[in-house]
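Take a look at these structures.
You will see two complexes here that share chain A, one where it goes with chain B and one where it goes with chain C.
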Partner chain A sequence: MNLFPMMLGQVVEESFWKRLPGPALYGFLVLGLLFGIGLCFALSRVPSNMRRWVIVSFTFLAGLPYVAAYLWPIPVAADFQTEIPRNGVESVGFFLNQAMDPVGTITNIIQGFLLGVGFYSLVRIHLTKVKRKQENWGFSIVLLTCFVLMAGFGLRDWQIRTFMDDTGALNVRDNWTFVNYAQDFLFEGLYQQMDSAMFSMIAFFILSAAYRAFRVRSVEATVMMASALILMLNLMGALTFAQGSAINELAGNTNNLFLLNFKINTFADWLRSTMQIPAIRAIDFGVGLGALAMGLRLWLGLEKGGVT
Partner chain B sequence: MFNWLEGQQYLDTGFVGVLATLLVVASILFNIKRANKGAKNLFIRRIAGLNAIDDAIGRATEMGRPVLMVPGIGPLDAISVQAVNIFAQITKSAAQFSTPVRLCCASAAVYAYAQEVIRDVYTEQGMNDRFMPETVQFVSDQQFAFAAGVSGMIHREKVAATFLLGQFFAESLIFAETSNAVGAIQVAGSTQSTQTPFFIAACDYVLIGDEFYAASAYMTRDPVLVGSLVGQDWAKIFVAGVIMVGTLGLSAEMTQQTDTHREGNKMVPVSESTGGKATTEKKKAADTAVARVFRPYIPEEMTKDKFTREKKPVPEGAEEGGE
Partner chain C sequence: MTIWEKMQKIDRRILYGILVVCVCIGLFFPSTIRTDPDPSSKSFYAAVQKLPKGSTIIVQTDWTNSTRGESLGHFENLMRLLMNGEHKFVFYSAADPAAPQVARTVLARIVAERKSQGLREYKVGEDYVDLGFFPNAEATNTSMGANLKAAWAGRKSKTPSGTEIDIFKTPVLANVNRIEDCQMMIVITASQSIDIAVQRLAQKIDITALVTGVVGPTVLPFYQSDQIKGVAVGLKGVYDIEYLMEYGIDDVKIEGQPYATAGKEGPVPKTEIGTRFSRGRQYYGTLHVALTLLILAVVMGNVAMFAARRRKGEKV
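And now, the complex of A and B:
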């Protein structure tokens, strides 16, 4: 639970999902710990042929609060933290809506454990490379060194700033220690710069991709190139102004308002609103329905996963 | 007594959204059941990007180079699960020819899932020894660190085929162009409509939109997946029908005159808001029944000001609001 509101002296309402420090909370913690240990033990004893059903049941239970919260009547104009439900239906609605945060937190905790699994993979692969002196093993040493330095200096810097700097002196660069300088050099001086450099490379890749895509090889490529050309010209202010003015003058002289449709920005707007947006919406509908079907299959245990 | 209409999502026309979702769910489940019973007339059209998978693996086998697979940089969700399921099929084909694969993950959760699935594939093929630690690897959860890591791998290992399927953002073009630079066949598909054009411009084959979700049904012909796909198609027809009917209905309604129009959350007489200057006017989009489906009225007695509940007692000593 987020303790900051309590530390600021704000009112924190207690619910089934949110306990204030005290005997009840410690009781729940002990019970949760015992339940977790018991669950791990029980899961390790599950026969192989039953494991699928265990996973399916957990997946179903994990998804159930979200489905129930979507379908169960949401109490109208309710403040779930400070108000008391008026009847049984609202009580269930309050319970489900209050459950959303803790269920999300459980997911975050599991993700936190999995991050450790990810780091283990990274370190194992690169340590093996160094140990066996495989091709490009030098890069692996760089990675492992950076890994240790960033983690070490980052953690120490956080400790100093959070627990040892009561007066905020470290907000002034002159008061920095070696650790603060090292963390700043590694994060701001190296990491952020390399991140930006990687991002900026996209500009060159766009150019090379556009060169290949816009070569007139087929009808589709020609249409794509023509559309892109109109949209790019539309972004050139001087050109659209000059062309727009010329069209306005011509339309005025000939008294033919139809000519106004030939302005570049009118073309570009038409392409965007009549061609691009409907196509994107159609794609998004398909993707949304696909995600719904996939989610449904996962939730109900119909998705077998992989090829097994 | 239980009253569904006490729910915020069911007020006025709000239930339409829930009803539409339930209809979609029903059509998917119905078709899954139909397919499981052995319905014969469930057809999936040809998808070029998926037909290219065998060619790409064949090429990698001939060249003796690995196949690279990236499930995007999103978290473990329906998209990455689907991507890994497709990669499982690709790995199955690659394993039959002893072609090495590399699956790079940006999310530790996806990595854990992918590792299990890909290991299962090798086990199923009786090739446990071919599953190496680098077959499935976690690279970084930072977008451009991941992009740099994977690009480096593409260059160093000179991959013969790249499969980019999942949730991609700005790094999509980096992968696609780097793969092109080493002469790899690229098959890509993203659920991000903003990244699909980049893939179309840079890759050899692209799965557009829901083709991505159709992939595993197309490759396995599993009745559950094929039935689900047909259910999605029914839902698409339903959505398209609703759009057509809605467009026609809205257009027809907007030609009519009305003596009441919508102001905020209620309908008021035109004469009242015009100070008696006019009693009727042409209907605007907001006044139509179609618009009401998407912007339901909330009855005044149900609004925040009118709807009262007892407050919980404030614990003694606690300050309201804090600093």
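And now, the complex of A and C:
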């Protein structure tokens, strides 16, 4: 499928981080492969008491480019593609900027591998369940069957559309093959519809909860209910339009513009902009500070959880 | 047992049945309801309509069918707006592997719809580019801001003739070297991916958003601080955009009389061609029914509680 040349062709300009196809690139590939094998071997030999430091070091190295790129001073309007650095400080800034793309690519690849690990784990657990005929093993067969069918037809459909449909004929449904129909049935007909159905069930729980649990038992609950009521009424365009028109007319007739403040959408706007948004912003600040503190602890290896 | 006590212990299946019946009836009678669109929806519509004809837009589509009630309408409206403005666009997802396929299906339907209306047919590789899925939103948006060409390097696009071409050689991205060369980024999302886009890219490109009702409140602070130029929230947002496509914005005058203009969008024209009312109109009546039911449920539940307490002689 010519994937290898396609991957090599991804480089558009050469930098410290990237090489155009040629002897140097192939040399780096061989070196990288050997280094990777050596690293895997070395990691497997690391004593248990040293493993924490390996994880801490990798975590620090993974976070370093982003932190450095954010903190390192760069010219305000730097054009990294057409300009050249004027001094050492700018050179480091340009170097870090060039690092963003490869680091991002590495992150994406690692995330891809994590998906792979997830697939492997899922299949292993359910195969074991079927093999040992554990409780509800029938559901595991359903899962594995769906897994194989979805992956098989999905991949084949992608392959046909990407590499075998030179004329774009498959854009028209009449030209579809069995594989295309099967993929469409599995993805659109089953998976997506079940996804929608699962989500729509929330409506039933919301109604039931509104009836049983949303009770005016305290001042706080009353304030919350009044706010929710105004915001819900604001979503009902027919009501807000009718009420708003009546207020407009009344304000016009009495020449009293103060009355315009009593429109439902004015109330709702006020609630949103004066109460809701500042509250959310305050929560965001709190969450942000917490995330920053936790991020720093993880990055610097101060957090013991997760790496021990 | 009194009626109030019975109401307190009503079987949930009765509530479910009432919901199903009320919601289903509304779906069969779509109607155009007069409304006053939200200011954030107006800002979104105005921002998109004021783009120069043939602009290049980045569309980050991070939704799947679990939120189709809102996001599908948002995506369809966006496609119609972009196609009416003859804008070129790239679309990708940075949140869900299934999202690009969902977007492709909807896009194909809108293209077919416009073709049946005798309008220009949008073609892959010529008018739009499909970039697929990027697994890590944080890294992807950061890379896009640092170097767009490198972030999307090596991606190929189909052409109308069926061949493949580097995306930067397509008419869509031929003149794009960095993200600032695109006129707008539009994020359609049912998750927090809009937060990442704003954090990483808001200083480089104008961002607007189409979000679900659940995500909406967390996005409004960005709108208030002008970090995003407009946002349509939830099903009301879908209907707002359709309503604005039908009627346009005329904040300057109401019934011919001068009106306050501070903070208003001013006159923005309606769309002249293609479908205007669609999903929003279909579902908006149902939203009224569902909300009325919800309000009634809350009121009835409380009335029953107070009545039962009073009967028992408890302090209300």
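In this text, the second predicted complex is superposed on the first by the 256 of 308 C-alpha atoms of A that agree within 3 Å, B and C clash if a C-alpha of one lies under 4 Å from a C-alpha of the other, contacts with A are read in each partner's own complex, and residues count from 1 in each chain.
The working rule: a residue touches a chain if its C-beta (ideal position, glycine included) is under 8 Å from a C-beta of that chain, and two chains touch if they have at least 3 such contacts.
In this text, all values refer to a predicted model and were calculated from it rather than measured experimentally.
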*Which of the two partners, first being chain B and second being chain C, lies in contact with A:M198: first, second, both, or neither?*
both
*In the overlay, answer first, second, both or neither for which of chain B and chain C A:F80 touches.*
second
*So, does A:R212 touch the first partner chain B, the second partner chain C, both, or neither?*
both
*With the two structures laid over each other on chain A, which partner does A:N108 touch: chain B (first), chain C (second), both, or neither?*
second
*For A:T128, select first, second, both or neither according to whether it touches chain B, chain C, the two together, or no partner.*
first
*Counting only touches as set out at the top, which of chain B and chain C does A:L289 meet: first, second, both, neither?*
first
*Considering each complex separately, which residues of chain A are in contact with chain B in the first and with chain C in the second?*
9-13, 111, 115, 195, 198-199, 206, 208, 210, 212, 280, 284
*Across the complex, what residues on chain B touch chain A?*
2-11, 18, 21, 24-25, 28-29, 32, 75-76, 78-79, 81-82, 84-85, 88-89, 92, 105, 107-109, 111-112, 115-118, 120-121, 124, 133-134, 136-142, 144-145, 147-148, 152, 156, 170, 173-174, 176-177, 180, 191, 193, 196, 198, 200-202, 208-210, 212-214, 220, 222, 224-225, 228-229, 231-232, 235-236, 239, 298, 302-304, 307, 309-312, 314-315, 318-323
*List of chain C residues in touch with chain A within their complex*: 10, 12, 15-16, 19, 23, 33-36, 38-39, 64-69, 98, 101-102, 105, 108, 124, 134-136, 138-140, 142-143, 146-147, 149-151, 153-154, 156, 158, 160-163, 168, 177-178, 217-218, 220-221, 224, 234-236, 239, 243, 254, 284, 287-288, 290-295, 297-298, 300-302, 305
_Complex contact set, residues of chain A against chain B_ = 5, 8-13, 70-78, 82-86, 89-90, 93, 110-111, 114-119, 121-122, 124-125, 128, 135-136, 139, 194-195, 198-199, 201-202, 205-206, 208-210, 212-213, 280, 282-287, 289-298, 302-308
_Touching residues on chain A, where the partner in the complex is chain C_ = 6-7, 9-13, 18, 66, 69, 79-81, 97-98, 100-101, 103-105, 107-108, 111-112, 115, 165-169, 171, 187-188, 191-193, 195-196, 198-200, 203-204, 206-208, 210-212, 214-216, 225, 229, 232-233, 235-242, 244, 248, 265, 269, 272-273, 276-277, 280-281, 284
